[in-house]
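Got a structure here, written out as structure tokens. Questions coming.
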Amino acid sequence: MEQIYKAPPECQTKFTFGSGRDFLRAKVSDLSFRYNPEDRRVLNKVSLPVFDKKITALIGPSGCGKTTLLRCFNRMHDLYNATSYEGDIVLYPEGKNILSSEIDPMEVRMRIGMVFQKPNPFPKTIYENVAYGLKVRGIKKKSFIDEKIEKSLVQAGLWSEVKDRLQAQATALSGGQQQRLCIARALATDPQILLLDEPTSALDPISTAHIEELIVEIKDDVTIVIVTHNLHQAARCADYTSFMYMGDLIEYGPSEQIFTKPQDKRTENYITGRFG
Amino acid sequence: METIMASASDVENKLEPLSVLKSNLAVNVKQRKRSDFLFSLVGLMSLLFALITLLALFVDLAMTGVPRIDLAFFAEFPSRFASKAGILSAWVGTFAVMITTAFCAIPMGIAAGIYLEEYAPKNWLTRLIELNIINLAGVPSITFGLMALGLFVYKLQLGQSILTAGLTLGLLVLPIIIVTTREAIRTIPNSIREASYGLGATHWQTIQDHILPYSSGGILTGVIIALSRAIGETAPLVTIGALTFIAFLPSSPVSPEYPFLSFKWLMDSFTVMPIQMFNWISRPQAEFHVNAAATGVVLLLMTLIMNGIAIFIRYRFRKKMKW
Amino acid sequence: MADLTAFTSADHPVRKWRKVKDKIIESILFLAALSSVFVTIGIIYILVSESLPFFQHVSFKEFVTEKEWTPMFSEAKFGILPLVVGTFMATLIALTVAIPLGTITAAYLSEYVKPNVREMLKPILEMLAAVPSVVYGYFALLFVTPILQKFLPELGGFSVLSAGIVMGIMIIPYISSLSEDAMRSVPTHLREASAALGSSKFQTTFRVVFPSAFSGISSAYILGISRALGETMVVAIAAGMQPNLSLNPLEPASTITAYIVQVSLGDLPHGSIGFQSIYVAGLTLLIMTLIFNVLGMWIKVRFQEKE
């Protein structure tokens, strides 16, 4: 099973890390991005691997391009006019460049889920929120949907709190619960990658701790790419970390290495709190 | 206690004398406080003036009109005799015209609103459409009547019918529906759209499952306000030559034969309540003025109830949809 | 489950259909939006094409210089002046009522009243705008005129004065609501800066808030003007429908809109000069309101650029 996730040999040459037993789930190579053809590049030839069932953290000061990079993974930028990509993100096992104009962004989003900075549940019931991803995929079988909803709410650690009120409005939940609902909503569709865009930045410390635990737990089932401005969070959760600065990827490696012996001066300055 | 007071006055004595700027501080403050108070009085009065006028209008109309309202008033056709006349053909006509107006304006207005908010690219054509809608909202209603007279009545030969009236009022209130639809859609934060797309929804699925349901309160408010405006609209219908003496009802919308629905009524002539009221006001006899007041009471109640519902929906939805 | 294992290629039938469907929906919505442009084109086309034959009978010079408007008389005269003057008189009286009351009410609601009270008062005030104009006509003729006659015994049953006053009351909510929006959108820090310098609320309202909100307030005034110019039923009922080149507000007069109603009530054959005359009158009105609308937009655009 794991074999099929293994990248073709040419993709592995550039990155050799860790135990060597990690399999590639996606590979970003020479990715540049502009919001407008006339504007400067917000991302500048960024390359990094995303390993299967691992947590990859993107860190860096505000405006470094980490959220922009994350939103490339599910082609969110396509919603707005005039944005342009160069380079590619190859998704495995399909081995397709998901940034290619040949690929429908909607199909990318069906494979790659996303959780946003601020909890954004739909003003519908809890049940409808989690079921929505399945609904747009044309799944109508109620028993299947119910099963999926329970499974993903359990995964998101929300099941015990909401199982008796699935028909309640999602907006009535607390902020932390809403964010876990959004995670459940994304998990219900079995994403190949789950993108988390500063998922705890709008939450209180207790909810943040909850979500962090949850992230570590679900990585057994799903590949995670997380943007965070909280270095402790990255150090605690992430297997791999990449440091970005002004649209450049400065350094990538196992989190341990980045946080204990960074190779680049800028990375060191950032993680020791000298700027950012 | 005394020592404290003493030391305080010592301190005061040590202060420099007040500068010229501050010498008449007390007087100045007093004056300005008075102007503040006076203005709040003037403001209250002008607000009250508006509200009292509104009240006077209600009371005057009700005192004259309400005693005239009974069941027969709704069940009788207009007549040469004021005491026998009723508004049967007028309220049926208002109802029929409103249905036609709603069918014409609501789908088109909402569709246009969705296009402008969710699809329209930023180009000259979009800008032209937007400017045009703002401008159209400011065109006098009687101009729509003149257009309808030339276009629907004479060019398209639709006659002075319910269809012509419905189309005219529909076009007249179209900008209201477009503008309120856009405003309602605009309050939905982008994060909701991104959540929907993020789950793999298409553009239309996002609109259908999220944008429309979440803005439905605002859109409904706009629709009701638009229809309440159309109900009271008189001038454009007078212009298309709506007859004022109609002692018959439009043909029935149900027919005994297949397909059981008939649209013949669309081509019938009609009268509506505001025209009936206008007709009665224009007569010199005071008895007809009583009829006019009674019609006015009915008309006013209808528009105020509709507006009340609109305000209520807006309030409820604002409470429910907190982003 | 739907096919999730492979990305579809660009020419996959499912994707093609999806694209076609999206395009169809977009085109339908676009046509709905575009229809509003056709309404404008329709209005302009009909008004112009029906008015043109009028000028084959009447010279443009006569139209603008003749001092009488009597298209129904056997010796018909076609000078638009009495109607235009009547229209502006009624508008002027309406604005004299509506601008001070509307502005003061707006300032009061925006700066002096507690928010919860304001939220309660605003809908009530907006009801003034919801009352059908024919009801206002009744009010002008049978309520306001008798009251005015007590103070002005020489006032007849029909007058521009009472029609104008009632029209003014009618447009108060337009002016107050938009002006209040404009005043409330003035950022709080400006008010705080003014208060910190020791200004009273009154000074802050009129020296800081009012000037900052001026573009919004003036576009409210302009909206009020174009409403008043185009208002029909109140003047048709209460002002007397007599084209009258006089500046005396106590006399009856006619406006452009009232004239159109008057003619429409009769039975003029399509193509007669009387019929054409209402289109000429309507076109004149359209141009007048258009000028004010464009002025309003211009003020708005100019001011937005400045900010």
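Of note:
Note that the chains are named A, B and C in the order they appear, and that numbering of residues resets to 1 at the start of each chain.
Throughout what follows, contacts are C-beta pairs under 8 Å (C-beta built on N, C-alpha and C of every residue); 3 or more make two chains touch, one makes a residue touch a chain.
Just so we're clear, the structure is a prediction, and the values are computed from it rather than from any experiment.
Chain pairs A-C and A-B differ in how many C-beta pairs they share in contact, with the greater number at A-B. Averaging Cα coordinates per chain and for the whole protein, the chain whose average falls nearest the overall one is B.
The chain with its Cα centre farthest from the Cα centre of subunit A is C. Each chain gets a centre from the mean of its Cα atoms; for subunit B and subunit C, those two points are 14 Å apart.
Subunit A and subunit C have centres, each the mean of its CA atoms, that are 53 Å apart. Between the Cα centres of subunit A and subunit B there is a gap of 48 Å.
Shown for subunit B are the residues that touch two or more other chains, namely 202.
Within subunit A, contacts with two or more other chains are made by residues 106-107, 110, 137. Those residues of subunit C in touch with two or more other chains are numbered 18.
Looking at the complex, you find that subunit B touches subunit C at residues 32-33, 35-36, 38-40, 42-44, 46-47, 49-51, 53-54, 56-57, 60-61, 64, 107-109, 111-112, 114-116, 119-120, 128-129, 131-136, 138-147, 149-151, 154-155, 171, 174-175, 178, 202-204, 225, 228-229, 231-235, 238-241, 244, 274, 277-278, 281-282, 289, 292-293, 296, 299-300, 303-304, 307, 311. Against subunit B, in their complex, subunit C makes its touches with residues 18, 21-22, 25-26, 28-30, 32-37, 39-40, 42-43, 46-47, 49-50, 100-101, 104-105, 107-109, 112, 121, 123-128, 130-139, 141-143, 169, 172-173, 176, 200-203, 205, 223, 226, 229-233, 236-237, 257, 260-261, 264-265, 267, 270, 278-279, 282, 285-286, 289-290, 292-294, 296-297. In the complex of the two chains, the subunit A residues touching subunit B come out as 74, 76, 79, 81, 106-107, 109-110, 113-114, 116, 118, 120-124, 132-133, 135-137, 171, 182, 185-186, 189.
Per the touch definition, subunit C reaches subunit A in the complex via residues 1-2, 4, 6-10, 15, 18. Within the complex, the subunit B residues that touch subunit A are 121-122, 189, 191-202, 205, 209-210, 213-214, 320-322.
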